[in-house]
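I've put the structures underneath this note.
The following pair of complexes shares a single chain, subunit A, combined with subunit B in the former and subunit C in the latter.
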Partner chain A sequence: MMNYYDHFILPFAIGVTVLFTVILYKWIRWFVRMPQEDRRLVLRGIPTRQTLGAIGEVFMESLLHRRIWRVNPLLGYMHTSLAFGWFLLIAVGWVEASLQLPGEIIPLHAHVFFKFFAPEVDYGITGGLLGNIMDLLLLFVLSGVALAWFKRMRSKALGMQRTTKHVLGDRIALAALWFIFPARLVAESATSGLKHSTTFLTGNLGEWMVNTFGTEAIMHFSVYAWWFYSIVLGIFFVAMPFSRYMHIFTEIPLIFLRRYKVHSYEKAKSFDRFQIEACSRCGICIDPCQLQKDAGITNVQSVYFLRDRRYNRLTQEVAYNCLMCGRCETRCPVGIELNTLRLNSREKFAAMPADNRYAYLSSAADRSSGTSKVGYFAGCMTLLTPKILRAMDAIFKAAGEEVWYADKDGGVCCGRPLKLSGEVEAARRIMDFNRDLFRKHGITTLVTSCPICLKVFREDYHLKGIEVLHHSQYILRLIQQGRICVEHGHNSFTYHDPCELGRGSGIYEEPREVISQIGSLLEVDENRENALCCGSSLANIAINDAQQNRISQALAHELADTGADTVVTACPLCKKAIARNASQEVKDLSEVVAEALGQ
Partner chain B sequence: MSKRVIVIGGGVAGMQTAATLAGLGIHPVIIEKGDRLGGKLLNWHKLFPTFTPAGEVLDTLRRQLKDVEIMTNTEVKRIEQSGVVLNDGRLLVSDAVVVCSGFDIFRAEIKEEYGYGIYDNVYTTVDIERMLNEGKVHTADGHIPERIAFLHCVGSRDEKVGQKHCSRVCCITGVKQAMELKELFPQSEIYNFYMDIRMFGPGYEEMYRQAQEEFNIHFIRGRISEASETIDKRVQIKAEDTLIGRPLKMTVDMLILIVGMKAGASNDRFAENRGIELYPSHFIRPRNQFVDNICSSAGNIFYAGTVTAPKNVGESLNEGVAAALRVSKYLED
Partner chain C sequence: MVQFGYNISQPRAINMDKNDMMISQKILRTMPELQTCIACGSCTATCTAGAITSFNFRKVHTLVRRGEYKGAYEEMNKCMLCGKCRLSCPRGINTRGVVMLIKQELGEYR
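What follows is the complex of A and B.
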């Protein structure tokens, strides 16, 4: 048996050992610490179709990086060439090594240094073919490295206005990664030249090197070249599990777990680690962040938040400085649940409520009366924007709906603001009160005009038997059932998608359908999933009013550019925020409908 | 030939500036966007703390402007080194400009939670001045109000509407109008909801005490959080009495919002001139707040009145005199 050992492979061998030891340790630890129900989901999911789906997704995302192609094709190509190219180098390299190297047992590392160990590098037809394929693959990866260098200088050409500011560990790993493939090219070429290979890249380059510098010089040089190649590989592998490159291996189990329906939720848990360490710090989340664009805040974006959380240095300031608008989440190529992770990082900072703080949640807090099939929960913000309340009144009246008003004479908050600030337990007490209230008054449909309330009713109230509707859905239904008539006029409207209604609850069509029954709808450039936030989000309690206002101004400007007569939105908070800076009239959807009510 | 000075705005500050300039032998031109001189005072009833009719003050000022050139229904678009450009594009050449364009009244509709423009019986202090002038103060359906609530600081010291500053004169306005309404309706209960009462002028504090001791007007420390309309069109308000730490609810016949002073909308246009700077509040920032508090960084542009900050009538009148004297000194040099 041939000896596949030389001293220079040591850095590589140590690197690989450290890498897999650390990764295995992390994976096992995270998995073991997962709550029972999460582990059960995984075990139940393994023998299902989801496993096959996950394998396909790993191929599409971890290797091809399909989602990054959507951000920018050049950026997509860069990621594909690095990930898929390297993968193919390993896979084809194995084939090449097992076919070409003598001996029965070919150790796993032999393919990495194939050209060094092979006696003749393009032996036979397969050898020549494989050698050329390997050269082609190396060229493929090198083109990705070249793009990565180019991106450092001109990120805009790759569709990114701003890129991540990396920490030292990431910079070391990044530098090592940049050197791996050029080092491989040089080392392989030197050896190819000495062994008279004829492959198109390393063969020709090697021949040129030998002809130019002489055989003896290249013989000496090749030793250093292989050492260098092994060292940069070793450095990269050691740095990998501690740096951003941990994402390479973490995204794979994440894809499987996600397929098995494991999710993060309002309290932190072990599964979060799979999401946090799957972040590659690509920085795609930076550009869409309005805190960065409009308020000049540059250290709180999801990439930095996840980094800080991963290294246990998350500050309250970063955790709370987020609008939770979800614009970054829709773009994240790894599909990390950024809003949920932000939310559940806040709990440890939240104050414990005093025992008597919720003493008011007695039956006396119910100031409503009567029972009805349809309940209307205005919400605090609607009570502060009485035009909406009036409009809803007119609509209910026109439809002949008997309505139980949950909070017209004062009610209890829906609980979402508390939840967003991390006070999960306090929020729970409030939610329980309201749920009992809804049950007590016998409603089967719950309408709200506030998307903030809507989201929490839908996701946390578990209102079995009660259909929860946003007023946009309810109004559309009334129109479709012919219970109210609206007149189509000559006004033009533009519509602002509230974060909690659009990205938060997936309601995009209903408000648009209602508006198009009343007038013409002019869309802003960034709408639906990409809609801007109004800046007044309850989720951010770190920014000041001036910063909120700058975000609102940018939005008002976009809306004004449509040239529409009226700005329509479907959230009382958005309405107030936009109205501060709007040049046109700003109305809630219900107001527009109430004004268009026909006979 | 006498030098020509453009005075932007024909309110009290502009009138006083022009009158003083004319007295110094300088040729002032008042440019007023409305159809007559007088500015906000045209709509005011009586002035605190002396209850002097606003018309009396205006008459005195008008008498001093007999030979002054006045352009009404004219608006200034921008201020340049050589003069001002009007909205119709004309350039009016002058040797100096005094900006007396005043303030805007905060639009109470923005505080939608108070229901102005939505509920019939929510008014602003501006509405009350007009109603007092017309001699018709009553609820929307013509009744005599039995219970009236004033709310201080609407559009003042309120970050949420981008008005961080104190408008100063609203506190005393609220006290004045409360007293006037009490005189009209001696049987009525009148409440003032405030967060601080700031009585900065001569005689103001005395008037505040008089309102409480002689007029029996109630002062409750706490802002109103929201208002709603009852079936009989009265206004139900929710507030907190922060001195006793209790929430309270009250139904009133009239809710009067004491609206603050907002920086004039034209200030942003004027600030396109490099010599004119703005405070974050968008009021114009003078070169410095002490010895040059009526001067800009551009040598021939001066300020008087509320264009630089909320002020009362007396202060604005003083600045008119001061600005005119500085202009005259500038023109001599």
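What follows is the complex of A and C.
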């Protein structure tokens, strides 16, 4: 055992000890604090196929970083070379050390400093081969480090317009990481040169070093080189659990927990920590953020939000300044539930709800009209855009559908805006009022023309026995059943995916199918999952009118670029926002359908 | 007497010298766009909560601006944050932000 000790391994040994102590402490703490039902999900999930799936996903994501390859191949290569390359260096290095080092017990650290402890570097039959493989792997990792340096100077070449502005702790860890592999190359080369290794990288470089500077100088130098290598490793390992590099060890349990169906929720809980600390601050979420691109707000993006929340520095300004459009969530390579985390961070800032919040609802008159199994909930925003209401009326009439109008003469908000502002408990009271109203009138189908209402009806109302449809789905169904006929004209349309309808509720196809029955559809560049937000999102209470307008301008510009005669959307709020800046007509899907109604 | 549905407000005067304007000024500093409010009442006319209750955003905001904080928190708590007022505001004031701000600043006046 003592054969494998030298003073210089101390920084490394201390680093590794700190690293694993802190990580174990964090993991156990987060797991113990998880609510009972979450822990039950995990225990029930372990003996299922999900565990195998998670192992596969850990390999694909934590090592190969498949999702980053989709963002940009060069960026993907950079992450793969660093993560998978380092993993292979450890795995192959361990094989090399256990095959070639003498002694019964080979301590775990011996492979890290293998070349220092090995009596002869190219020892035995496998020695030369393994040595060359290790050199190749080191070169693989070094190419990633070189790309990382290059990315600091020209991030655009790696597909990123903007990169994260790091805090001091991250910068220290980053600097240590950058030095680890060059330091390893230099230290191994020096020792290889002294031990006359013939491997292609460290062997040749070592030979050149010895020939140039002399054996004496390199002998002295190699001691410092190994010390330096050990110190940068130690610094990195100590910094790791407190910096962005905690993601390396947090993403693994996160993948397992996610496979066991543990999710974040509108109220903060312990599982959130797994998601928050799994953020690598790669900054891929910055480019898609329209607040950054159009409104010039640069400190609220998901990467900064998660960082502030992790270090308990989250301010109300950052928590509330988010459109919750979900564009970053679809790109996040770690798959963090960014919208949910943003939402459940708001509760602590929301004013304490008084006990009698919305007590007035109990005496509110029932202002609904009509009787039918089919209910129509216009929603506040539709009531403010009466053209949509009239168009829906025309469609109902053409289809011969008897409708119960929940709120045609004024109703109660669906509760989602309140929930989005963090007042979850208060929102519940509003939701209960509407749900009781739906139950009282015995509807079996609920149609709404507002995607915001749609999302909350589906997710929070627990309307068992009532089918909740967005009007795009309902209209498509009417057309398919032949209950209404639409005439195909010569107009060209472009369609804007509302955030709450597309990314929020997964409805992309129905509106497009309806439009294609009426005219030709011209797609914008960024559509479906990548669609832009109109800027008026109710989730953002922080930005002012001018900032909203700039986001809307950018969207209107992109929609105009399609050259379509009419912009169609399926959300009254989006319609109003786009119409502010659009050069062509902006219509709701229902208006387009109502105008094309044939006999 | 014939009731036309109108009534006369009780005469009252606000003594701005007596009122504590600290919070009012803080609200204005946080959201300077409030200075552009023309008190047109569009917010109140479209208000979802206002249709069911006596909640009057324009009135509450105006009173708070003049340092009359009593009851403002309870009144603002009637708001459902639906956002119609923000869309109808001719000055583009972030009315939902105003509701949140007034509630936060006046929580202790409950």
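Operating definition for what follows: the second predicted complex is superposed on the first by the 589 of 599 C-alpha atoms of A that agree within 3 Å, B and C clash if a C-alpha of one lies under 4 Å from a C-alpha of the other, contacts with A are read in each partner's own complex, and residues count from 1 in each chain.
The definition used in the following text is that a contact is a pair of C-beta atoms (placed from the backbone, for glycine too) under 8 Å apart; a residue touches a chain by one contact, two chains touch by 3 or more.
Note that the structure is predicted; figures quoted are calculated from it, not measured.
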{"item": "Clash-or-fit label for the pair subunit B, subunit C on subunit A", "value": "clash"}
{"item": "Touching partner for A:579 - first (subunit B), second (subunit C), both, neither", "value": "first"}
{"item": "Touched subunit A residues, subunit B compared with subunit C", "value": "C"}
{"item": "Which superposed partner A:386 touches (first subunit B, second subunit C, both, neither)", "value": "first"}
{"item": "Which of subunit B and subunit C A:508 touches, first, second, both or neither", "value": "neither"}
{"item": "Partner chain(s) touched by A:213 [first = subunit B, second = subunit C, both, neither]", "value": "neither"}
{"item": "Touching partner for A:221 - first (subunit B), second (subunit C), both, neither", "value": "neither"}
{"item": "Subunit B versus subunit C as contact partner of A:27, first or second or both or neither", "value": "neither"}
{"item": "Subunit C-contacting residues of subunit A that also contact subunit B", "value": "383-384, 410, 544-546, 549, 576"}
{"item": "List of subunit C residues in touch with subunit A within their complex", "value": "33, 46, 48, 51-53, 73-74, 77-78, 80-84, 87-88, 91-94, 96-97, 100, 103-104, 107, 110"}
{"item": "List of subunit A residues in touch with subunit C within their complex", "value": "350-354, 357-358, 360-361, 364-365, 380-381, 383-384, 410-413, 415, 417-418, 421, 423, 430, 536, 538, 541-546, 548-549, 573, 576"}
{"item": "Subunit A - residues contacting subunit B, complex", "value": "383-387, 390, 408, 410, 544-546, 549, 576, 579-580"}
{"item": "In the complex with subunit A, residue positions of subunit B that touch it", "value": "110, 112-113, 115, 118-119, 159-162, 226-229, 238, 280"}
